[in-house]
Amino acid sequence: MGKVVTTIQRANREVIDGLAAAGVATVHEAQGRIGLLASRLRPIYPGARIAGSAVTISAPPGDNWMIHAAVEQVQEGDILVLAPTSPSEDGYFGDLLATSAQARGCRGLVIDAGVRDVRDLTQMNFPVWSKAVFAQGTIKATLGSVNVPIVCAGAHIDAGDVIVADDDGVCVVKRADAADVLAKARAREANEESKRARLAAGELGLDIYDMRGKLAKLGLTYE
Amino acid sequence: MGKVVTTIQRANREVIDGLAAAGVATVHEAQGRIGLLASRLRPIYPGARIAGSAVTISAPPGDNWMIHAAVEQVQEGDILVLAPTSPSEDGYFGDLLATSAQARGCRGLVIDAGVRDVRDLTQMNFPVWSKAVFAQGTIKATLGSVNVPIVCAGAHIDAGDVIVADDDGVCVVKRADAADVLAKARAREANEESKRARLAAGELGLDIYDMRGKLAKLGLTYE
Amino acid sequence: MGKVVTTIQRANREVIDGLAAAGVATVHEAQGRIGLLASRLRPIYPGARIAGSAVTISAPPGDNWMIHAAVEQVQEGDILVLAPTSPSEDGYFGDLLATSAQARGCRGLVIDAGVRDVRDLTQMNFPVWSKAVFAQGTIKATLGSVNVPIVCAGAHIDAGDVIVADDDGVCVVKRADAADVLAKARAREANEESKRARLAAGELGLDIYDMRGKLAKLGLTYE
Amino acid sequence: MGKVVTTIQRANREVIDGLAAAGVATVHEAQGRIGLLASRLRPIYPGARIAGSAVTISAPPGDNWMIHAAVEQVQEGDILVLAPTSPSEDGYFGDLLATSAQARGCRGLVIDAGVRDVRDLTQMNFPVWSKAVFAQGTIKATLGSVNVPIVCAGAHIDAGDVIVADDDGVCVVKRADAADVLAKARAREANEESKRARLAAGELGLDIYDMRGKLAKLGLTYE
Amino acid sequence: MGKVVTTIQRANREVIDGLAAAGVATVHEAQGRIGLLASRLRPIYPGARIAGSAVTISAPPGDNWMIHAAVEQVQEGDILVLAPTSPSEDGYFGDLLATSAQARGCRGLVIDAGVRDVRDLTQMNFPVWSKAVFAQGTIKATLGSVNVPIVCAGAHIDAGDVIVADDDGVCVVKRADAADVLAKARAREANEESKRARLAAGELGLDIYDMRGKLAKLGLTYE
Amino acid sequence: MGKVVTTIQRANREVIDGLAAAGVATVHEAQGRIGLLASRLRPIYPGARIAGSAVTISAPPGDNWMIHAAVEQVQEGDILVLAPTSPSEDGYFGDLLATSAQARGCRGLVIDAGVRDVRDLTQMNFPVWSKAVFAQGTIKATLGSVNVPIVCAGAHIDAGDVIVADDDGVCVVKRADAADVLAKARAREANEESKRARLAAGELGLDIYDMRGKLAKLGLTYE
């Protein structure tokens, strides 16, 4: 504990922006249904859809000191990702830290703990995915680490991994896989487009996906 | 397991629409305070207010295959209602299935599990009441059943029962009781209207409902 | 049980309104990080920001009778605060009670249980912070008390204490401390204003708060 | 509400006792993996293993009056099963009611709420499966019903259905299916016995169940 | 914050021991169904039944420093009661602190957080009622207070109040009421004794408590 | 997905056994307060205290097929560790699998899901730490992986890491650190031994750890 890693590698910016456009559900599917953070992380307001490189934070319960150290490491387009070292719902982050992070180009925060000043954050258009909204203040007494590997809401995240977040939740893509996952996401979207048109026209998934035979073979009966 | 019931009876369409207009709280009261689904089911966006005939789905955890079979059974004005056979928060339902269901006239989905693509569903005006928003993908490997009796979020539901859902949650009305419940709901609304006016004018419930004597008799004291 | 206290003391109206403007997070900090109610209490719609004197209610589970007794005690600018005597998520409060309370000048409700008719309450602009949205009806069978000390969502509240509630949750300020807390809240806001400007300009909290030396002394290393 | 059904049909006593001996996991499997109550119901002490005919109780939250009415309906070998009409963890049942129920031949209690006096109940050898242990007292103010269909912890139960309960939880068997389920449970046990011996000798499930080919066909690789 | 109150008043030792013998459920009833701590507090082993004077601790999340200050304040027969200032399940207390507390005559710990070394504590016969068992270590960095009023698991507790704890949970009795509550508890026990004998003989509560008329009057029907 | 790694490295057997003797709380402290699994994992019976090399399993929700593949990989002294790919409380593991695992030398199971046949497992002395006890049956339809890195109950685990489990919960020690952590654990125990004796004799932690000055300096006051 007590370490700030200052040089991390990031994925290509265009790849990152492509993943944001694809969204969490598509990216999750495209990479083989891995990388989702737990559903307890919810956005503080609807409609945000971002992706960025993870600046990771491992912080003690109720102690937000390391966020200040992390903000210095933020580059344009990054996302802060905080995991407490034991469960906490304290409000680690509010409008002052958001002002600072946003000034450095930070696109948002993912935190397996609490956040506060959510009205201000909403007005600032600074999105946060959190476990709780809670005004409980935190202290600055104990060291944590920045840009070390963390487990956040059940997902293993390395600094520089790509975080994708929208109304469906949060997903992580390993940095090295980002371009490949984007390609697969786009292929998936293209494929879905034609399906969507047929379904909208009233065709059934049972027919489009040719399921009737398989279901019958497994013993599905109609009464 | 592995059965699709293709002929179900439905309540009268006008009765169903009347129940939608009355709303969950009034309908629940009108039928004697029964039929509510658990409060963990929440709408993915505010403002939707629907009623429809239940097309029920019993599905394995993390397996959404039977939704495709259920969509074929949907008629104009129906609502899909899914109960997993063991607790799950996986995202059984997204924008493609919603496109298909909406094309068949489906008014919405009630699911004691997860949903995804909620931004798309919101834009499509396809309401969902769910236990979670979670992008986790599901598989198509095991049979379930359609239009069999289920227990969803603590309520027993038969296919063809009337589902009422709004910002207060979800309520089920037995098909055979629907017309009677609607009549009682309307009577209740009429009665409430006059009460509302008196309360808005500053009269107290203590006086309107003649409670002071009963409270005093039970021993309520004023200091 | 079974007592209504009819004379309670309230804080100064201008102080109360000042606390509403300061908001929950600032007030909580200003009074030394005490007085927060548990994060399970959430607003039924975003954007409300109120403060008022607490009219407290201790009520049996699933029995809302005492709310009627409490409404009579409401004065312009008060907030109803209900704690059930054992855990409940039943819908104690709906649009009729809100109509009555609003007619008496009540600014909102804080309840460690359920609420219903949330669509109507939203249209009425009557804010509620609750543990659940649940249409489940309640009865009127057993006495409780009004304006007695209660523990609501983990916070001890006396009648006449100042309740502050916004999108961050709910905080209680002891009546006698209200003016002092407001003064501290304003000082805090003034101090934050200059910090916000510097942070927005890209200065780091590490420098503004002079943290680098302390962090180094505790052993923080940079790699 | 407010109904006591006095004549219910019960399954054969020997069948019931056979189901108790088979236990919850085997019975659940034997009847096709249905009928389990939610895992939140836990025994107050380990080691109890019972089965009996359900005497069902639908009771208001925090009101245990109907348990007295239900005890009168208990016959030798029955099990009381209580579902509150809205979520509650109050202590509906303690040593006096257990004394009364045990005197009537009741084998135990299944309750989706709280229980108290658990030390006494343990000493009396009166097993209870409950959602909570909580001393909170209940009242006797409102009617409920006895021997009506209920949903308890997610399972639909009719009076006279067979309840099986042990350290794994609680399962319901429809009365009409009881003999058939017992036969299947015994067949399952016999089949498992030979498997157990082979597994204990070190043979692998991969071989006994002939899984290697299927796994390879699905693409499982060994590195 | 940061205060240790060194002189507190305690209830009479014989009264305290009498309350321990009566147990949580009886004491809770005897004082009018108040004073219970939330059901999430569970004993680390079954069978303990204690009462003692509360030495209260308000501690930051994940910081157990003040327990050391509290142990100095413990007198023979006291019980430590800890409430964190925000939710925590960290392991504040283990075998070393228990050794120290036990050496000072402490009878047990009630904590709305976590505990560890539960095997050792069990062997030492040092009972703990906690929200969680969790080995997570805590720090000693921030002040809290000892023997100040706290809210612990939903109950307001003053230093010197009597804590009663057994397998049913934890209850607090205000110091000034202790003797009176004990008297009522004994009266209740005496009354229950005769009831228990009649119930054990097969008499029904419906008859003993003369409920049949009241139930019929409310409309209970038998079919 | 769909991969079984057949060669994993394990820590030294004596080191592993030493860690078991030290126990979870000491090992967690000795390695710098890292590696704990979430407190929701609880032992199915008290008193077990084991350590072993992790054979990891990533399995779909409600599908236990890969446990069979994992058992083949078990060597004397190993521990099975299962993480579902989405939240599940189904009963993946029962007495037959335990018989098989035990025959191969497996010391126990850690599973972030459910377990069943707990009475049999207790009699077999096969310990399990799980999120739930639930009889719900699972299927064998979809591949997972064995001996790949997993996140189980919030902790990142590689195959061959040392798992330590006792009544306090579960902790993971990276394989490469095991010997070093054991040395530190023993040093810690030795240090604690002398502290324990002094505390048992009535000395205070305030004095033994020389805390009085630090507390006073931070402003702690005695009244």
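Brief remarks follow.
By written order: A, B, C, D, E and F. Residues from 1 in each chain.
Here is the rule we use: a contact is a pair of C-beta atoms (placed from the backbone, for glycine too) under 8 Å apart; a residue touches a chain by one contact, two chains touch by 3 or more.
What you see is a predicted model; the values in this text were computed from it and never measured.
Among the remaining chains, those touching chain A as well as chain B are C, F.
Note that among the pairs B-F, A-B or B-D, B-F reproduces the C-D interface, with over half of its contact pairs the same by residue number. With each centre defined as the average position of its C-alpha atoms, the distance from chain A to chain E rounds to 42 Å.
Averaged C-alpha coordinates put the centre of chain C at 29 Å from the centre of chain E.
Rounded to whole angstrom, the centroid-to-centroid distance between chain C and chain F, based on C-alpha atoms, equals 42 Å.
Residues of chain F found to touch two or more other chains are 33, 36, 86-87, 89, 134, 136, 142.
In summary, the structure contains touching chain pairs A-B, A-C, A-E, A-F, B-C, B-D, B-F, C-D, C-E, D-E, D-F, E-F. The touching residues of chain F, when paired with chain A in their complex, are 1, 32-34, 36, 38, 85-87, 149, 151, 154-156. Within the complex formed with chain E, the chain F residues making contact are 23-25, 28-29, 33, 36, 39, 42, 46-47, 49, 166-169, 171, 192, 195-196, 199-206, 209, 211, 215, 218-223. Note for the complex: chain F touches chain B at residues 60-62, 86-90, 134, 136, 139, 141-142.
Residues of chain A that touch chain C in their complex: 2-7, 45, 65, 68-69, 71-72, 89, 91, 94-97, 99-100, 102-104, 114, 116-119, 122, 132-137, 140, 142-143.
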